[in-house]
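Shared between the two complexes below is chain A, which has chain B as its partner in the first and chain C in the second.
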Partner chain A sequence: MSGQNNRRAKGLAVFFLILPLVLFLISLSIGSYGISPRGLFKTVLSVVSPALHPDVPAAYRDILLRIRLPRVLLAMAVGAALSVSGASLQALFKNPLVNEYILGISSGAAFGAALSLVFLGRAFPPQVGGFVFAVVAVGAVLLISGKAESHFISLLLTGIIITAFFSALLSLVEFFASPYVLQALFFWLMGSLSLASWKDLYISLPLIAVGLVILYLLRWRLNVLSMSDEEARSLGVNVRREKMLVIAATTLITAAATAIVGIIGWLGFIVPHLVRMMFGADNRRVVPLSAAMGASIMMIADDIIRGLSSFEIPIGIFTSLVGIPIFLVLLKKTRKVWL
Partner chain B sequence: MSIRVTNLAFAFPKFSLRVKELAFESAKVTAIVGPNGAGKTTFLKCVGAVLPTAKGCLFIDGRDIVSLKSQERARLVCYVPQEHDTTFNYTVSDFVLMGRAAYISPFALPSQEDSRAAAEALDFVGLTGYADRAISEISSGERRLVLIARALAQQSDILLMDEPTTFLDPKHEAEVLQLVKKLAAEKMKTILVTLHSLEMAVQHSDQMVFMKRGEVVAHGKSADVFQESLLESVYDMKMKIIDWEGRKIVLR
Partner chain C sequence: MILNHPSGRQAASCCWPSVLIFFSALILLLGAPLAGQSQTIKDNLRRTVAIPPRVERILSLQPEITRILVALGAADRLVGVDYFISRDDHLFKILFPGGTRLPVVSMPDESVNKELIVRLDPDIIFTSPTELQVPDSIQRSLGIPVVALASMGSFEGLLEEIELVGALTGFKERASELGRYFQEKIRSITESTGPLALEDRPRTYLAFWSSLVRTPVFYEPVQAAGGRNIADNLLPSRLGTIGTVITLEQILKWDPDVILIQGSFLPRERQVTVEGVLEDKRLGSVKAIKQRRVHYTLGFWYWWDPAGVLVETLYLARLFHPEKFGRLDLEKEGNAVYKMFYGKTDVFTDLIKSLDFHEWTK
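So, the complex of A and B:
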């Protein structure tokens, strides 16, 4: 890479790392009830000191604090979580096609969370059930396909079978759900941010943060883990222990995200690919930039859903419908090998 | 550092390796030869504890290598695979830097010292100008050198090189093996290398080990052990050794 290309790549990386912060502020202004940037600023100040800004309508504070802030924070966290999870799993399994869905993590988490919502109600955190069954699902995939050393085809086939099994269990849960719960469940399963509440965030955000910090710290190690197991072992890595740590962290963040927003398709697959296309394969760059780009894409998608249509399309459907064509165009335009 | 192998056994479903007693001297090149399926690679992977080997069979300067923690072991012994499967297209410098994994905590990044060690290793194999090139964009021969550079960055005293010259043209084959000799002479590395070319093996090694069907059939100084009768019994075919300008040529 020439010096000029290097500088351009660094500039682009800085842009993508700052982008989520800019989008965060823009996203707080967008919605069926528009708040101008000035209004947003005054509303934030009025939250800090209400006495100094009595002219700010109470509705602004309600919209900002109770509806938009949790929703935008959730979009950021889920986007970052799923993208980093995808990037880490692809490196770990030495295959760019792997994601949390293929490993059964998403369907396990969805089943666990649905089971919790239907039988224990919304008072009990669905993240617990989501995490437990996500662990069961990924554990079953790894165990049946030949533990963590498995060949990809065996892993893929086992993943498909386990995903189908948990999908069947999920249908069973839906069968027993009351019509009212079923409607909410149906919308949630398609991937939705509309149910975002502080209660969910208080549980999911710390879990996602813990998982992200672990994977961020392990980002260089992911390079070494992306070598064959024999090579990694010879390089001095405790392969089994470190693989389990990465799988635990990705399962944690996927379960924490899926439990409140349902299954968001393709994000964890597409974002790491986009990052590698632009910035190369080194996970020291791939992990943080996947987090930033995933958060940005989720916020943009949610802004479009909230701002452009009078009804809300579930974001899971939207990310799949928009993400796949964009990915295909980029794939065709970018002729160089990035994998 | 010297290696001692005693009563080593390893079994796959249809193949088993048994090595009773073998020793490798410090700072020497040992060529391990034998027909396909003789167990050369399995033996190398066992010595590097890349395959799950039983305790009490492999000793480096008297220390049981299997009992060591992976980081500690990697600082002593390095297994260099035949070829690297490039799933992700790392740059050459990023790839060589991975050789420093044994010195870096799982949660840390490589330091400047690690980068310097990687750059020095790349320089030693003559690929300094390749640092920013993608690993998929260099030739097969250059990739072998990059693998050796990564092993050098690992700074272990023992290198186990699995067929480093397969699929290389004669010029690159000679270059890689000259580099192997240079590593033993200048960096005092103890090197075990599996080879198919008998001429290259005898020319570039100090000692040779002949393997057949999972067992060692002969070992010793290359000049002493390299005999027609042994070659014929190991490879089950008629062979003739000819001396040509001080080098041995095998006719078959």
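So, the complex of A and C:
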């Protein structure tokens, strides 16, 4: 019976690991500009060899290569980044209520983007300001909480305080900003993939990839770090160094994702719980499966936006609408929450 | 807001004018002012508001109404304004320099300083209908009549507004004069373009509100100038507004003949620029990009400036139909329109300079 369950779990895990690839292909065919599967295929062939299908309209190539492809890739990367970040921090803090923004990343990024829009204008991308201040916010949290006795409680509290501090700074910038700048800022804060471009990917993808690889390599250590510090040390782990490494990697990927697409709530909270409810709390499985499931949910949410509505809806709404019902069904079925 | 109609895409666009006319008629029926008597009007939020017989002290938190009051000659009755008109409206400083010294009652986050309102003791307060809770909140707590009005991209709405504000403040004749002038100008444009078949109207995409993908679902200057707003059939993405957010793909699907970018901001504050759109490779296959028909237009200016929207319509007519309006001296016409509304000379010339709209005067 147990063997059968194991095989079922393995099969399900393989399914979830393959799902992003399937969704990636499906997502490329979804959008308000109707391109048939045959048209898409011909477009791909014409990209490989323009002589094969010279009759493919230029709009098809622009839509596939310059609009859909960067958008779907960005959705995958951001979904994976936020989910793995949430999973790692929940394991590290031994707290199921932690999310990817707990260390002040979201408010730091929002303040940085606002500052950039107000003082540097369009000449400087707000994403850079967002990224820099996301890192500054986490740096401030680590610096302030560094010498406290009960370090991780202190980290959480400092994270909350720094979030409040940067939120206040954001309000101050908003107060002095011109209404036109505010319009751009509010649009960014809503969280959206609507203007995704290759430039966004060039900026964010390498950072997200580096962070994800680090966290993937550290996945078994997350299990050790989930124990008490004494137990972890007895297993030969340099607890402080490893924890700082995890925090640095999660900061890197969350800041890179947030700076590009704005603040997308709940994903990093829901997805790790979904994975743990389905596959248990072993971080060797939780980390890669969170990446796969986060990427999948993000792509499904974006597909709904691009396929069903005539206008863009902030993607955070749909990640929650897709993720929360699944979360509730699983919660009811398994009747447990991981810790 | 009264302009939103939930019964479908087609209905949303075709019913707007009739809904407007219906409520405009209601406003006039309920609000026919009689000297020495209090009047009752219905505002754009369908609120019934009792207005005192004499309106001497006016607090305007709606930039469009503030500009109308100045155009009517009621500027000296203003006792306070909103933060935008006082701080960010570069044109208003030219039109009414005294306005910058008026107390500022509202803040950027739409909060209102009620204590200051009590001190200013206005007879009436104007707000915009998008701030849904503000009118009732102020009226309930302070007992001062609050009227929520905005034209929402419609000439009918703007004309009704001018007439209503004129009637409420005792400047009825001036309001009629401005209304007639506005209508005559629009009529002269539509007569010059003549009856246009749908295919003769350039299909126009409007990139407004600091984003390439935010667009108004209703914008009458385009229609009046002989063009066609290709987002006209969409529903607004938020109730109480006329804006929606579309996908980049949708722009390619529409393949507009012309792209207009909101240019009422000072050049340094523009997030979307003509140059940026022309260089955007994602839109490379769009007809407007290929033919380099990407231009600035004024667009909303925290609602409209009545003179500005008239000049904008003239500009768009020349842009859409150069064969009919090629000889139009826009700078001369623009200055005449501003002179008519605000009594100041060369305002449009100053505006062109500050907005870097040199293309307009070519």
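As a working rule, the second predicted complex is superposed on the first by the 288 of 339 C-alpha atoms of A that agree within 3 Å, B and C clash if a C-alpha of one lies under 4 Å from a C-alpha of the other, contacts with A are read in each partner's own complex, and residues count from 1 in each chain.
By definition in this document, a residue touches a chain if its C-beta (ideal position, glycine included) is under 8 Å from a C-beta of that chain, and two chains touch if they have at least 3 such contacts.
Model, not experiment: these values are computed from the prediction.
Colleague: With the two structures laid over each other on chain A, which partner does A:167 touch: chain B (first), chain C (second), both, or neither?
Modeller: neither
Colleague: Please indicate which partner A:226 is in contact with in the superposed arrangement: first for chain B, second for chain C, both, or neither.
Modeller: first
Colleague: Pick one for A:31: touches chain B only (first), chain C only (second), both, or neither.
Modeller: A:31 sits against chain C, while chain B stays out of touch.
Colleague: In the overlaid three-chain picture, which partner chain does A:234 touch, first (chain B) or second (chain C), both, or neither?
Modeller: first
Colleague: Between chain B and chain C, whom does A:306 touch in the aligned arrangement: first, second, both, or neither?
Modeller: A:306 sits against chain C, while chain B stays out of touch.
Colleague: Please indicate which partner A:95 is in contact with in the superposed arrangement: first for chain B, second for chain C, both, or neither.
Modeller: In the superposition, A:95 touches chain B alone.
Colleague: Does any part of chain A touch chain B in one structure and chain C in the other, and if so which residues?
Modeller: In the superposed arrangement, which is not itself an observed complex, chain A uses no residue for both chain B and chain C.
Colleague: Mind listing the chain B positions that touch chain A in their complex?
Modeller: Per the stated touch rule, the residues are 45, 48-50, 69-71, 73-75, 78-79, 81, 84-85, 87-91, 94, 98-99, 101-104, 106-110, 132, 134, 136, 154.
Colleague: Which residues of chain C touch chain A in their complex?
Modeller: 9, 84, 88, 107-109, 209-214, 234-235, 237, 244-250, 252-253, 255, 265, 268-271, 273, 276, 281-286, 302
Colleague: Where on chain A does chain B make contact in their complex?
Modeller: Checking each residue of chain A against chain B gives 1, 91, 94-96, 217-221, 223-224, 226-228, 230-239, 242, 245, 276, 280-282, 284, 337-339.
Colleague: Please output the residues of chain A touching chain C within their complex, sorted ascending.
Modeller: Residue positions touching the partner: 31-34, 57-59, 61-63, 66-68, 117, 121-122, 171, 174-175, 177-184, 187, 192, 194-195, 197, 306, 310-313.
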